[in-house]
Amino acid sequence: ADTIRIGLLAPLTGYAAADGLAVLQSVKLAVDQVNAKGGVLGKQIELFYEDDAGEAKEAIGLARKLVQMDKVVAVVGGSYSMPTRAVAPLFQEFEIPLVAGYAVHPDITAAGDFCFRNGFLGTVEGRGAGVAAVDMLKAKTVGMLTMDNDFGRQMAEGFKSYVVSKGAKVVYSQVYPLGEKDLMPYLTAVKEADPDVILASGYYAEAAGIVKQAHEIKLRTQIIGEEGYDSPKFIELAGPEAANGTIIVTNLDRDDERPVAQAYIKEYRERYGMEPDMTGASNYDAFLIIVDGIRRAGTTDPHKVKDAIAALKDFDGVTGVIKGFTEIGEVIKPVQVQIVKDGVFRRYGIVDDPEVIDPRK
Amino acid sequence: MGGYFSTVAIMIGIYALVASGLNIIVGFAGQISLGHAAFFGIGAYSTALLCTKAGLSFWWSLPLATLITGMIGALLGIPSLRVRDDFLAITTIGINFIVRSIFLYVPFFGGALGIGGIPTPILFATKLRGQYYLALVAVLLALVTWFTFLFVRTWTGLATEAIREEETAAGAMGISHVRFKILAFTIGSAMAGLGGVLYAHFVNFISPDDFGFPVSIMLLSMAVLGGMGSIWGPILGAIVLGSLPELFRPLVQYRMFLYGAALLLVIRFQPQGILGEGSVLSRLVSRRRQ
Amino acid sequence: MQLLTEHLINGLAVGSIYALMALGLAMVYGILRILHVAHAGVYAIGAYVGLYTFQATDSFLVAIAVAMAACALVGVAIEKLVYYPLLKFPPYVPLIASIAIFLSIEELCRIVAGPYILGFPRRLALDSLTLGPVSLGGMQILVLLTSLVILLVLWFISDKTEVGLAMQATSQDMAMASAMGVDTKRIISITFALGSAVAAVAGVLVGIYYNQVYPTMGAVPAYKTLAIIVVGGLGSIPGAVLAALLLGLAEALLIGYAAIPLPRDALAFIAMIIVFMIRPQGLLGKKTR
Amino acid sequence: MLEVENLTVAYGDILALQDVSFFLEAGEMVSIIGANGAGKTTLLNTLMGLVKAKSGRALYVEPSKDGGNRGRDILQLPAHERAALGIRIVPERARVFPNLTVEQNLRMGVYGLSGSVDVERAFGEVYELFPVLKERRRQAGQTLSGGEQQQLAIARALVSSPRILLVDEISMGLMPKLVDLVFSVLKRLNDEKGLTILLVEQNAVKALAIAHRGYILETGRIALEGKASDLSQNPKVREAYLGGDAAGGSV
Amino acid sequence: MSMPGEDLILRVEKMSRHFGGLKAVDNVSFHVRRGEILGLIGPNGAGKTTCFNVISGVYRPTSGQVFLDGSRIDGLPAHSIAARGVGRTFQIVRPFGGMTVLNNVMVGLGMPRYGSFIKSSPLFNNSKNRGQAMAFLNEVGLEGLADSPASILSLGNLRRLELARALALGPKLLLLDESFSGLSQEEVGRMMGLVRKIQERGFTILLIEHNMRVAMSLCERLVVLDHGGKLAEGTPDEVRSDEKVIEAYLGKGE
């Protein structure tokens, strides 16, 4: 073929459509940037994207379509855990490299050596949040208000194990269902328990609800959020006043001076007229990791590309300097701690303690 | 035939099977159920647990999980004895939500993570994949359809229909509404369970959201669209509603809208289903016969 | 004690929003015996129209009025174009149609307004009210008051006027009602217009209360309100209100105190099933044979 | 007052009425007699607007405007506008509103008429006629016994002071005492108030006894018409519809 | 009144059925002898249909007992009372509307089979069953409408269908609730003949009727209810001349 075909699965409709859009826009940006510089191995890249609506049963058919009909050589997994987890074994079987952007389920990389992840495991991000809580904020008592899904639960686990190991006490722990808008009953209870910090997970909608309603009932507890908060929408919906001072752990650092990060942020803004977020950035990187793999392999042969990706070292990504992948394909990169100041995310700190960020721990 | 097509065809086959079960409950027994995905899920979870935790093979698990689902269906059919019509419809929505919550919240069922590693069935030392799996689904669907065909022609079928039409009069004819309603729920649920088994071993991993309320809606739409109470209806409905989204796939952003609009148009202008009485298709067929 | 009051007030506010959403549904069910799932879509449309009008005019009242008018139109259109012609078919036929409409509305909202959650540009400046130890948020007052007014108006219409009687008669035997001189088409349209306008109010209030307007905002209410109206007794307006308030309170208290391991949405249905085991016709429903 | 021309009604492919023509003079009581399934109910329901006609006309002439008026075709009007003209029906199977109370059912009878009808008096009259209804004022329609429902249906039609009353087997389910009462009420209303009545009745002896004229309906067509007294003497009619000679009185 | 050793098929003892404060049936006792035609008459709202509903198991009695062939049946579910041989028609007709007239009758034929899974699993639509069902339709004069859906029948025809369906059960006791109302005069005569024929086949019949021509000529005995209680009982001649019955029910008319 005269182009190199790369696939993308993303939730362009359905409950996660907003994330799907950020993913698609970012990857398209990356494709154009690469092609503008002459492509890779002298060929242009052609993107084949499909909408899995965030559902496993949709994704499995589409994975086959990408491989068997579109003949892609590698795939960016730009969707959530459930669909990505469903397709990982298929790509393994087809021997097509898959780099998941932000899906968090452990089984994805466990499917085999063709499956990689450029996002944090929940436990890693949870430990990162733990560092922010006890090491940066010096919390003695903590609370947890956890979103009820795989990510929320794993994160809570990582967080809890870290803070407890550092001697902090968990005084409130509650799981809430996804999509919950009325968080008052929980927050009122948090107010009663009065921990120093609370880890409150959620996607931007729940996050905005938590932060806004906490502001309304004048909750004093410092809120630590996670990558789900990492969206300009969060600040917009919560209102800058309520959002101010919220700390989150994520993988995009807006104050990162490295040109690659600044260029992405600038071009994204210009091209789409909106703020980039972590989901887009992470998949942008996932795509570039594949391109980099092809370039270093010097071929599109999936086995060689896979080996090249596995051998990645100190890759200069938008989401930080990626140290590489573990033998099972989990990314090793620093956790970014950000704080909302004057209505925008700013750097608060970086967690790069190998003990914390190594997914094998 | 590419893998993509067999995937779509397998899903259609599975849905046709599950919708056929719903057809027994709604079409023949007249008990509106909006929670059929719960039984689909119970079948899938049963086989997942039987195979991953108890180490059973697919071929043992298939009948066992079907049976288990049928039994639970009998149990969950009990509300239909107490509440009727729209009350029942909404109660079954409730059942769907509660069953899904149990999958989600009881750690035994794997929580939000679901259950993975459900084995692909093996027959004569070949893994049943792609076309082979499609063949398996087709054979089972044919069996179920044949069963339905017989069911409606038995005294049981007649009694079930009588209850649908007039429960008090059916009672005066010696028909126990308890027995036949529960029976309909049992059979219908067992079919859904069978579909769930096939689904689980095809996708290889399952999670609570695969069996949520929207799936129930889709199943009911299939049964109604094809022609409720007609044996081929659910199959046709599954083919139409299963392939429409695939046809619209190139229209990414507009796909689901078109799907909704298409469903609306069909139901609005063929309210008795594509195969139902007075539909374009059935009129064509009967004209030819004359 | 103060905590308890806060829970109670929050529960009441949430409950009255549920009531507004359920009311229209109960009315529509009352007249056509259709499980009008698309009502939740109308509610989402109300929120969007309210939001855009608010952005354009900066006036809460105008936003509400425009949203009500728009939703009344949409509601009547759904009734005339889809439900009315489907009345003679079994109940699942209009139900499926309703679900298809709902799906289409959700998708249309997403296509037109984008998949994002939108917020009201400026929070309404509402003072909070302090009564002794209890402080009521401005939003809560707004929600409670609006709901109360609407409830009273609807109760009056349905219980004290000839139109209300005609609504009931139409729902029980449409042909006979028209033989008694009732213009049943008009009565049905009035019912849909009223119910949909109330949904618009609910949509706008929810949009402001949580500051979130998004395409799938109707998904949860779509089925939860169904549970509410059956618990209340299908078609019974006071029943729907009672059930909605009870549910709002129960949710607030259970989540606040009992830390139950089930999502609140399952709660509504568990409550429903318990009610049915005791009173199959719902809290205020009439027994029918 | 009502002139029906070539009325044809079909349910799907089944023709229930074919080319039926007849008329009703103002103040007249006309009886329609026919076997089961002949189309009597269909006829009344079509005139009321409960069933749609396939073709034909039914011209309604306002009694007040005497002389050369052409009247309007009520088949083109929706049922509620026919009701507004003063056409009312006592339908087959009573069809009371099941979940409305007795009183609400009666209120439906005067729907939209509160200006033109003395509701209090009208209610008083029917309560006097059927005391059981007053007793059961607050009971839901569907819990009434069959005969009580029938009484309610009659009362509901009478309270509106109709101009044309369509009556479909008014005696169905009523006890003998009430059957006599109801027929005498119909006769009185017809005599004294000039109420125009179209009477469908299986009890043909009674019907022909009080009606002025009659029509015999056979499988959807008018087979015979004439003065009531002539019809009841007609041997063929006696044979087929009056139960032969066994048709004595009721007791 | 019943003599010892008399062959009673149905015994109703001190039966009451109240709805809230309303005593629809209050402390009523009567019996039906095997092979007779007994009429249950009385003013509208007297409680006749309610009696049927209790006997046939639609309602439980508030108090009192019902014996069929000596064994108690009150409170049993309707279907098991039907299975014991009580067939009935409904005053407010209840056809299986979506099914054909023929299948409506088939449902009745199936009665002996509904009790067990094994027996209810054979196919029903064979020529033998069709023939039997058609025979019942013939008796009531509906053979021409066998393949029409029941929902399109006129009221008079629905009454006949109700009767055919109940006959198909082969009941030993048949309860007819105003089965003659709405029938044309000619049909009434024919149906009376049919009822007599059924009686000759050994069936027992309990009927509610407001048509006195029918009640007086068919029934050997009459039980008169009023306001939930028993007002009178006796032969047609006795009842017809009973002042209380005339006052409450028959009226002075004609």
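We call the chains A, B, C, D and E, going by the order they appear; numbering starts again at 1 in every chain.
By our rule, a residue touches a chain if its C-beta (ideal position, glycine included) is under 8 Å from a C-beta of that chain, and two chains touch if they have at least 3 such contacts.
Note that the structure is a prediction, hence the values are computed from the model and not measured.
**Student:** Which chain has its C-alpha centroid farthest away from the centroid of chain D?
**Tutor:** Most remote chain from chain D, centroid-wise, comes out as A.
**Student:** How many angstrom lie between the centres of chain C and chain D, each centre taken as the mean Cα position?
**Tutor:** Using C-alpha averages as centres, the distance is 43 Å.
**Student:** Report the inter-centroid distance (CA atoms only) between chain D and chain E in whole Å.
**Tutor:** Each chain reduced to its C-alpha mean, chain D and chain E end up 29 Å apart.
**Student:** Please compute the C-alpha centroid of chain B, do the same for chain D, then give the distance between them in whole Å.
**Tutor:** Centres of chain B and chain D (C-alpha means) sit 50 Å apart.
**Student:** Based only on mean CA positions, could you tell me how far chain B sits from chain C in angstrom?
**Tutor:** 31
**Student:** Which residues belonging to chain C are in contact with no fewer than two other chains?
**Tutor:** Counting only residues that touch two or more other chains, chain C contributes 107, 261, 263, 265, 289.
**Student:** Two-or-more-chain contact residues of chain B, please, as numbers and ranges.
**Tutor:** Residues 104, 168, 253, 256 of chain B each touch two or more of the other chains.
**Student:** By residue number and range, which residues of chain E touch two or more other chains?
**Tutor:** Correct list: empty.
**Student:** Give every touching pair of chains, nothing left out.
**Tutor:** By the stated definition, chains touch in these pairs: A-B, A-C, B-C, B-E, C-D, D-E.
**Student:** Considering the complex alone, what residue numbers of chain B touch chain C?
**Tutor:** 26, 32, 79, 82-83, 85-87, 89-91, 93-95, 97-98, 101, 104-105, 168, 213, 217, 220-221, 224-225, 228, 253-254, 256-257, 259-261, 263-264, 267-268, 271-272
**Student:** What part of chain A is in contact with chain C in the complex they form?
**Tutor:** Within the complex, chain A touches chain C at residues 13, 15, 17-18, 20-21, 148, 174-177, 179-182, 184-186, 188-189, 191-192, 204-205, 208-209, 212, 216-217, 233, 236-239.
**Student:** Quick check on the complex: what are the chain E residues that touch chain D?
**Tutor:** 19, 42-46, 48-50, 91-92, 152-157, 160, 178, 181-189, 210-213, 216, 240, 248-251, 253-254
**Student:** Sort out for me which residues of chain B touch chain A in the complex.
**Tutor:** Chain B residues touching chain A: 2-4, 7-8, 11, 104, 111-114, 116, 199, 203-205, 207, 209-210, 246, 249, 252-253, 255-256.
**Student:** Under the definition above, what is the set of chain B residues touching chain E in their complex?
**Tutor:** Within the complex, chain B contacts chain E at residues 150, 153-159, 161-162, 164-166, 168-180, 183.
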